[in-house]
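Multiple structures are listed underneath, in structure tokens.
Each of the two complexes below includes chain A, the first together with chain B, the second together with chain C.
On to the complex of A and B.
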């Protein structure tokens, strides 16, 4: 009887309230950013506007993200196309290796390439020029294309075979199949994954600074780090957000009502074509160049640095730092996944239009440049600390901030940033599942809680591993939020990289860099190989 | 799920327990991220039993955090590697005056705040690194320009410097505003930016490497500290800076009788207003100002001590000797102006397109 009550009492209101509270919580740092931007323009901002610098930096930023977007989409999608539709020797190992540049943080890539250019000056001529905006475009594209590769590959695998079979039957050529079928069908996933590349690009401040690219991040840096004007920084961040939304919105407009193809159709693997000799040569050369630039050269260079400074190993405490980093990652990822499951389950109950709006609210943190997000998160938590926890702890005779003096602020900072990764994955999964199963549960008189535990959870559980891996890679590489929000004496792999690289000790920074790359490489390999086993099962 | 929840609760309790632990501490916000500092903190803890907790962050970010914290700052000491930020910290009213006879006698007046809000701990000079293929030291002493002359068109395409985002470049410009006056400083920055051989990129050492590699580009503006690091890598065949120090030399500009002296910056620190561990903080600053620690700064971190009793390392002394300098002539200005002129300096550098005027 009791159990019956538990699964039927009307908890709709309660769930709505929880949903709204989570959304408000997610929005609070943004609120602080917006609040701090409501000031009269500083003299410096006025100067930037008057002398039209803002326009220049804005155009440079657009140039950067368009170039990075197009190149990484080209590399990522072409690679996905090749490994999906062609059969060639070593395909399986190359398929995995092509993911690994994602394991190299872009700032490590930038520092490392200084050494590579030193050993191979002709590469500098090819890769550092006006077109690549002094190398920045190259660095972002070569280390971020795997986002597009990964998403396109899994999409092509699942969605496209039946279209192609039909086209083949109709006698279409390979080229026309590629341009008339594959590309248009895959467009939404290319755009969505390229958007991830663009967010990462816009969030970076180390690479553009190092290569002297004159983007909005550069001027945001000056106004915040050189002048301490948080209002100017917030305004510039809002301008950046605006650019991002225009890009995303114009894509949506362009796409019109076309939605993702429904991949709940039967999975029937595409039979790959054997390559001809000429095709093989082209494929191998292309893959070789990408892997050489995105993986082999940087890793060899880092190993070279490490071998130069073997005596530094005991001084670095690398195991302690790695464990500390992993602890934060596990706690953060767990919180993100739990809240992601709850919120996506709640928002699923809303009608389509409302759901879209609520979903974009839930994803906003990812598109705010980290340097400004860190500021918003800090202002939020220090105010909560001052208003609530500091007075409470003081009663116990402790003069300390609970949130900002421990890693709690950091964990939630990372939560704000990366929540949308888990959320959008779970949200998409629930959308693809369709409404029937949830309606049935409701018709049977089950309430939201029961439905969530008995239906949503099993559906979403399979995705948890995938979401965790993506979060792991993002969290272990994350630098800006970690640097700004960490408590006293806190060292992570990324802050150690930054500390030594910033101190012009790239040889020492190579150690934590390699640990990051190794751990990311391991989880990526695990998913690739583990994923295959799942399929076999 | 339940397991995770209980884990979180346990974690929370541990955090609270840890925060209740009452050991003697001093909390430091610093921009300095050197191993040398960590070793000195360890030594301090060994001697006094006071644990040093550190967060490294950007100078102005830390100031903003301290301001947000209000009456109960999380840190006791604010430490930076440039005088401008110290002056800004004082003007933002986050530091407090400290009366200490030890600090008073260890640190000369010109390297500390007039109201004892902050104290210099080490010095660096903004120097030239020049190509020894082009100049011998004797030629350099006659032919290398003063800071002022560096903006002359004679040096067009012969100079490199890192980005204007670098605090040391901003402080150099602030000092020139003070020495030349604002309008002459604008002309100076315009001229200098025009003379840059390339658009700004890389750090100080890569400027030195650039002049070493590139014929016709003779002068890199850099921090003396980095020349120490270049020398450390000079004979390391694996380093990208291999031989750079062997083909270049360090030069302290503006040493002539009627010249304004070399541009100096300091690393320094102040005690934060309402600091919970004020006495410990003072003790740490006093410790760092003592002769022994000052000598360590010089020998392990290529910095000049501010304490006149400390020994300058033989490496740094060698630089001065090579140029025949017995007493280094420094710009005769109040270091606080790096803070008060900072916004103006950034405005001037932005307008003159410091970072993008190279050809």
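On to the complex of A and C.
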């Protein structure tokens, strides 16, 4: 049989080079931060160290992430446990509603609660105090717990039924099974999803700024965007990265040799127990409190703001801003998905440890706080501009940067942050498919390129919609990168929320906030209900 | 000793068991054989109390156990894939069901059963460090340490290499022959059934 030339040329080296280039590219922002942090300490940083501000910011950051982590893990896991193991009236609708606080960006939640506290002062006493670090712990926990809820729910559905059966035959009661089986088996997913909550917490600067919680993200933001101290910001960024590094590796240390999943066991879906009257009362009360604080009160407050300021709608240009936001999302998500498919197909060719290491490197972006990444991206583009484009443009009498503070810089910033979402999904899909299918394609005379086009692409195509949806939710809510890297006069839904809220016009910020919540809510509902029969589920 | 009376069981809308009856005498060792989907494993799960039949009754020692939860039935169950807890080492897996005993009693029992099943050297290892045969022995030790009067074995050799199967089967036969225990084995391999059991019930033929 005659084969096409493209089909048979040895492209292994080409694939390796492309893979390495993508990985290097993904590391550029971090590289520029490290390079910039190696400079001499500025007087400003010396002052921060001398007056022990850095220590305070560091301890505040640790206190914030510990409290947010514990509370969101508690709420998220408890909710996941309830909907997985108990059958009660309206379970399906409550299961969906419990996801919807994810549609509310934390900064929108923070601004909205100002109004809620005004209307319900007793809530301010309970939720805004020293323990909650002036309310920021509460805001992060109540709007970020769905990360833990969603991941735990899906994990408990798949990985637990047989262990519970064994424990029962070994004489264990339900309470004992919860503490001795369910919690330990779910430990990795609780930790991983809580880590996502913590990454989101560290990425934010708007909530800590608004509620005056003096964390590293807060001072980093001030040092860079308000005082222009980029080198000091880089050193603070390194400190923030160190906190994340300790967090990730401490779990690995605690885990030791233990494993938590057993791939050889096929678990059946768990049969839910009917609740007794007392159990139902407890379950409904708990869910009601969470939904009241995380969904109903903020949405009602935003609707109240909107209804009080209807005359503002024409002035806001909300359709233009929404389309602008959607355009950025579409371009960014497309680039992320294409590069994700290519890199996952390349890394799939590596085996064992090499593959694990390369995959970890490719997935690192999400764990880097947005403010740190924004700084790295900014430094990367400004250095490229200064070294290459600025001198060239100057020859033509143009005195401006070509890339810095443009939509290109913004899109690449978002790419660095969210690439790992697409990559991890595609990588896991290829791992689950197994190596044999790709190896058989090669033994049939196809090179890497053709195997990627003919085998990998059709396998990964089914997941593209799912990846796009996750990216959509993350990108539309994203504020830190968008605000820090946006071009002059660029307006997105999130930056408009921040701009109006920052100018004490929370009622006006309600409009773009509601658009974000509505779009995210629709997408989440589609995945939860509409996509039920879809293979992406 | 075990009596299943007119048991009917549906999973979703599929009828798995229809008016099924079974009588097993004390210390009798029986095998249930049949094709996939014939309801073999479901019978074990109903006896253990892991499933509730829609119709019919289960008696153990002439007592209706319909309302007795699994953890109070004192029935040993060896699952098809052994389901060892991956986050506990072998020793902790074995002592999982006897945590109410004091330290000395616990250690004594663990050592005895580890010796009986030839796994004394594996106590500090984690499940992912064991071979298929070793996992089976650990799971069996975990089940037998509770000294159940009844043991239910669900396809115990399905996860074991054919080469190892014969020697493991003979070892287990010797262990069970020394114990006064009622045994129900579910298998699709008639040879397994003949090695272990005095009576074989073929579910494909029984109505």
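In the analysis below, the second predicted complex is superposed on the first by the 461 of 537 C-alpha atoms of A that agree within 3 Å, B and C clash if a C-alpha of one lies under 4 Å from a C-alpha of the other, contacts with A are read in each partner's own complex, and residues count from 1 in each chain.
Please note the rule applied: contacts are C-beta pairs under 8 Å (C-beta built on N, C-alpha and C of every residue); 3 or more make two chains touch, one makes a residue touch a chain.
The structure displayed is predicted, hence computed values, not measured ones.
In the superposition on chain A, contact of A:32 is made with neither chain B nor chain C.
Judged by the touch definition given at the top, the superposed model places A:168 against chain C, while chain B stays out of reach. Annotation for chain A, partner touching more residues between chain B and chain C: B. In the superposed pair of complexes, A:180 makes contact with chain C only, with no contact to chain B. Contacts of A:450 after superposition on the shared chain: neither chain B nor chain C is touched.
When the two structures are aligned on the shared chain, A:412 is found in touch with neither chain B nor chain C. Annotation: chain A has no residue touching chain B in one complex and chain C in the other. Note for the complex: chain A touches chain B at residues 43-44, 47-48, 51, 53, 114-115, 118, 134, 209-212, 214, 218, 221-222, 224-228, 230, 304, 307-308, 315, 331, 334-335, 338, 375, 378-379, 382-383, 386, 390, 393, 396, 398-402, 404-406, 408, 483-484, 486-490, 499, 502-504, 507. On chain A, the positions that touch chain C within their shared complex are 162-163, 165-173, 180-181, 184-185, 187, 257-262, 264-266.
Against chain A, the residues of chain C that register as touching in their complex are 45, 48-50, 69-77, 79, 81, 83-88, 96-97, 126-129, 142-143, 146, 159. The part of chain B that touches chain A in the complex is made up of residues 1, 4, 8, 11, 15-16, 18-20, 27, 33-35, 53-61, 63-65, 68-70, 72, 74, 88, 163-165, 167, 170, 199-206, 226, 229, 236, 238-240, 276, 342-343, 346-347, 350-351, 355-356.
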